[in-house]
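Across the two complexes that follow, subunit A remains constant while its partner is subunit B and subsequently subunit C.
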Partner chain A sequence: MFLSTVILVLQEILEAALLISLLLVLSRLLTRKSRENLVIPLAWLSFSVLFGLGGAWFYAAMTPAVSQWFDYVGLEVVNASIQLFTLAALVVFCFMFSSANRINRPAKLNTLAPVLMCIIVVMGITREVSEIILYMNGVMSNRLNVSPAILGAIMAAGIGVSSGIVLYFLILSMPVIWSYRVCMLLLALFAGNLASQAILLLTQADWLPYTAELWNSSTLIPEYSVTGQLLYALVGYEANPSILQVIFYFSSALLIAFSPLFLLAWRNSQDTNDHDLQENA
Partner chain B sequence: MSSIRFFLVAGILATLTLFNFVAALRGYQSSMEEADLLLDSQLLDFARLVGRLDVTYNHDELRLGNNLAFQLWQDGEIVAQSYHAPQEPLAEFSNGFNYSNFDGYRWRTFSRQESTDGRWVIVAERTDLRYVLAENVVLESIMPILLSIPLIGLIIWFIVSQGLKPLTRLSTQLKNKHVNDLSAIDASNTRRELEQVIQSINSFMARLNQSVEREKRFSADAAHELRTPISALKVQLHNLSQEMDMDNDSWRQLEGGVERMQHLVEQLLTLYRMTPDTFAENSQQVDLYQVCENVIAQQYTLVESKNQQLELLGDHCSITGEEFALETLVSNLLSNASKYTPDEGSIRVVVEKQGDRVELRVEDNGEGIPAVERERIFERFYHNEKNPNDKTLTGCGLGLTIVSHVANLHGVQVSVTDSSFGQGTAFKVSFPGKEI
Partner chain C sequence: MKVGFLSGTLLLLVNFLVAPSVLAATPEIQIEIRDHLFYPSTVEVPANQKVRLFIINNDPTPEEFESYELNREKVIPGNGKTVIFIGPLPPGEYPFFGEFFPKTAQGKVVAK
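Up next, the complex of A and B:
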């Protein structure tokens, strides 16, 4: 029970923690270079986390009702919708930094950018933590499981949050241009992960057709190993993805990769990059 | 997030937690694998024991717990079994360990054929209960790691705070330094890492001190070296005017030029004399109305020479400021108003309380300043372009710069609006203060 709790809770916490870390890194990088205050203020972040936790509790409480929607596939459909909504917010955020309107719309960017970041955080936490609540409710109904489940959840939360913090400091310790590049690359992969998960859920709900499995690497890196979980959270690793999942994974990742914010990171000169970021913000 | 303390504590604690917890997890997995082997060997022993059972014995009296079950098969029939074992085989008739489901649980099974009589012994243990003890033992060993993390966090916080103390001390020392104190910082008893920083700060302080001293000397020297010859020049001009007929343009231009030079030197010296340091040193409670009265008394001759109406309205109000600087501000505003107001025009000086502020207003009914020029009038050496050749308007273009400078020293702004006379300009400065 302990190990299965660690694995499930870790999967959820790790994803949320890494997402928050990436957004904080990006927010900090943009702020460092800009004259405007684009960072998610810590108060905003705290409210987003609290709001996300409240949303998770509400969603978990509503799960019995939600699961009966759409001919008993409501949970899959709603979860997929949350993933797609988060993806949309991420795409809008990355495309807001349109190079054609660098200087013209700073005020709009300054209000909308942190709001979009907070929406992404709230959605992420609601989705991940609601699954933890449902799982813990289930396993703790057996008295014998209470202690291992709580210990497992604490350990997983510790590993997940620590990984987020370590990743945050690791990325920020790189040269500015590289921390920006790594951050955008991980965000692109995160977008791919969101799309892939949404496709999997919609396929499970029979809203999309089943497609053949493209590969199976479960013997090489099992999905439920700690490495598998880390890779899942970082790059959306799946041991046996379907063709449709892979197509949507790469499409979404490429969409972010062609956004102005991403392309800005791959300009040759750091000076150009600093200059452009300043103008964008 | 920009705090060094937060960076160190969060970074170290997160790394420590991550590696500790992952190591504990690996420890748990290894321990459970070992426990699995141990429990399997116990199951094997149990199978051996069952294989030696006397089949005529009433096995219900064995009182096995819910977690164990067995079957003894001979020639395809059960010859003995535990009370809750089903009638079907618990597992396949093949030697070794396996898993099966019955009685609503998942069981770890072991099958073995006795070599002596060919009987099959199948034993089973509930998996959910099988690991309870082992897991509890392993978790007990992990518990201290979990519980120690907050304690480790506190200890790291304490150590980091101790490590940062010299830096905090230096920061406090710099913060508490008086604006005029440019003495070196004590570098003894500090950490090696900070020595270079303190040396650089001290070297910077020394250079700054020299530069301040040079500036002070320049002000004093300039005051003496420039004023004296100008005064001598004026005396000589006066003497010359007594001795010769000087009623011509060249003479008047010469006299006007010397007047302007004296004014310029005085204004330049005033500008350099008023620094934030002297302001902070001499700042005190000042009656702004009284200041206006004094300035008006000093400048009354100037106003009278143009037959201008001058009135002072308002109440005695106290503000925090430097008296000399405030006198200069009022004086410059007043002379400016008089300069740009035609003969027999009107000037009004008002000091009044507005809420928790005291407003000084100097307005006239002169030509006024166009809105587009109002921003530029505070620039150094700015002159009214409408009257570039008007010799009556002697000025060096520093008067309003000084007004703005004094206002900035007091943390307030000067605003320029239309005068309440219907034409002309009003200069307003709003200070925090109270009525006396």
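Up next, the complex of A and C:
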């Protein structure tokens, strides 16, 4: 019970922890460009966790009802909607940092950016943690399972949060311009993962037509292996995705790659690099 | 005459469009969960055809149907029912398990 709890809880927590790290790095990097008057307050994090846990509790309580919606595929439909809504928030976030907005309306960006980051994280925590709540409620109905389950959950939470912290410092240890680039690349792949998962859920619900499996790398990197799990949380790795999933994965990632926020990491690199490096020194 | 011919062709077309979906109604297969076990634990399904799995959880605790091979994952509330569409699958064996009680809840889909 202890080990299966660690695995299950970690699977759910890892994705959210890595996402929070990426957005934290991004908040810091954007704020550092002080000449553009961008100051992203970090308060969004505590609000996100608070609202996320509230959302998770609510969604867990609603699961038996939601499960029966749309002829028993309500969970797929609601989860896919959450994914697509998160994707929309991420797209708006990346596109609002146009040079015109950065120069003329930095105050607006300073308010909107934390709100959008909050929405993205709240959606993630709601989806992931609601499953942990359901699981813990289930296994702890047997008294014998209470202490191994709680210990397992604490351990998993510890590993998950530590992984997030490691990623945070790993990215920040790079030269500033590369922190920014890696951060935006991972965010683009995260967007791809959101779209791909939504497609998978809607196919599972039979709301989207079946498309053939494009590849199968389950012998090379099994999804249940440690590498598979880490890659899943970080870039949405899947061993046997369908054609439609892959199409939506790459088109969403590309959409982010053409956003002003992403392009900023590559454009004027010399200029930004020198400025930030000096500031850093 | 022309109108008759046209409407006849249209009807034929509609028939072609509608008929396959009626003929190939998605087969449904029922699986039950009791004491964290799947009944039946080996589920035979027709190969190369979409199948609707109707899962009834008789336990008061929730369970999660999970299969890496089928690329499926779904929570089934305690004393709840759910539907998961799988396939069309090439002939073969596809293991699945209950992620909440993985030691006992195990099974496989056999596509023939």
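Everything that follows uses one rule, which is that the second predicted complex is superposed on the first by the 254 of 281 C-alpha atoms of A that agree within 3 Å, B and C clash if a C-alpha of one lies under 4 Å from a C-alpha of the other, contacts with A are read in each partner's own complex, and residues count from 1 in each chain.
The working rule: contacts are C-beta pairs under 8 Å (C-beta built on N, C-alpha and C of every residue); 3 or more make two chains touch, one makes a residue touch a chain.
Fair warning: this is a prediction, and the values are worked out from it, not measured in the lab.
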Touching partner for A:Ser46 - first (subunit B), second (subunit C), both, neither: neither
Partner chain in contact with A:Leu144 - subunit B first, subunit C second, else both or neither: first
Subunit B versus subunit C as contact partner of A:Ser81, first or second or both or neither: neither
Touching partner for A:Ser225 - first (subunit B), second (subunit C), both, neither: neither
First, second, both or neither for A:Ser251, with subunit B first and subunit C second: neither
Winner by number of subunit A residues touched, once subunit B and subunit C are compared: C
Touched partner set for A:Arg28, first subunit B, second subunit C, both or neither: first
Residues of subunit A contacting subunit B in one complex and subunit C in the other: none
Complex contacts: residues of subunit A adjacent to subunit C: 4, 8, 63-64, 67-68, 71-73, 75-76, 131, 134-135, 137-139, 141, 200, 203-206, 210, 213, 218, 222-224, 238-242
Complex contacts: residues of subunit C adjacent to subunit A: 26, 50, 52, 54, 60-64, 68-69, 71-72, 74-78, 80-85, 87-88, 99-103
Residues on subunit B engaged by subunit A in the complex (per definition of touch): 1, 7, 10-11, 13-15, 17-18, 21-22, 24-25, 28-29, 32, 128, 132, 135-136, 139, 142-143, 146, 149
Subunit A - residues contacting subunit B, complex: 1-3, 6, 24, 28, 42, 144, 147-148, 151, 154-155, 158-159, 161-163, 165-166, 169, 226
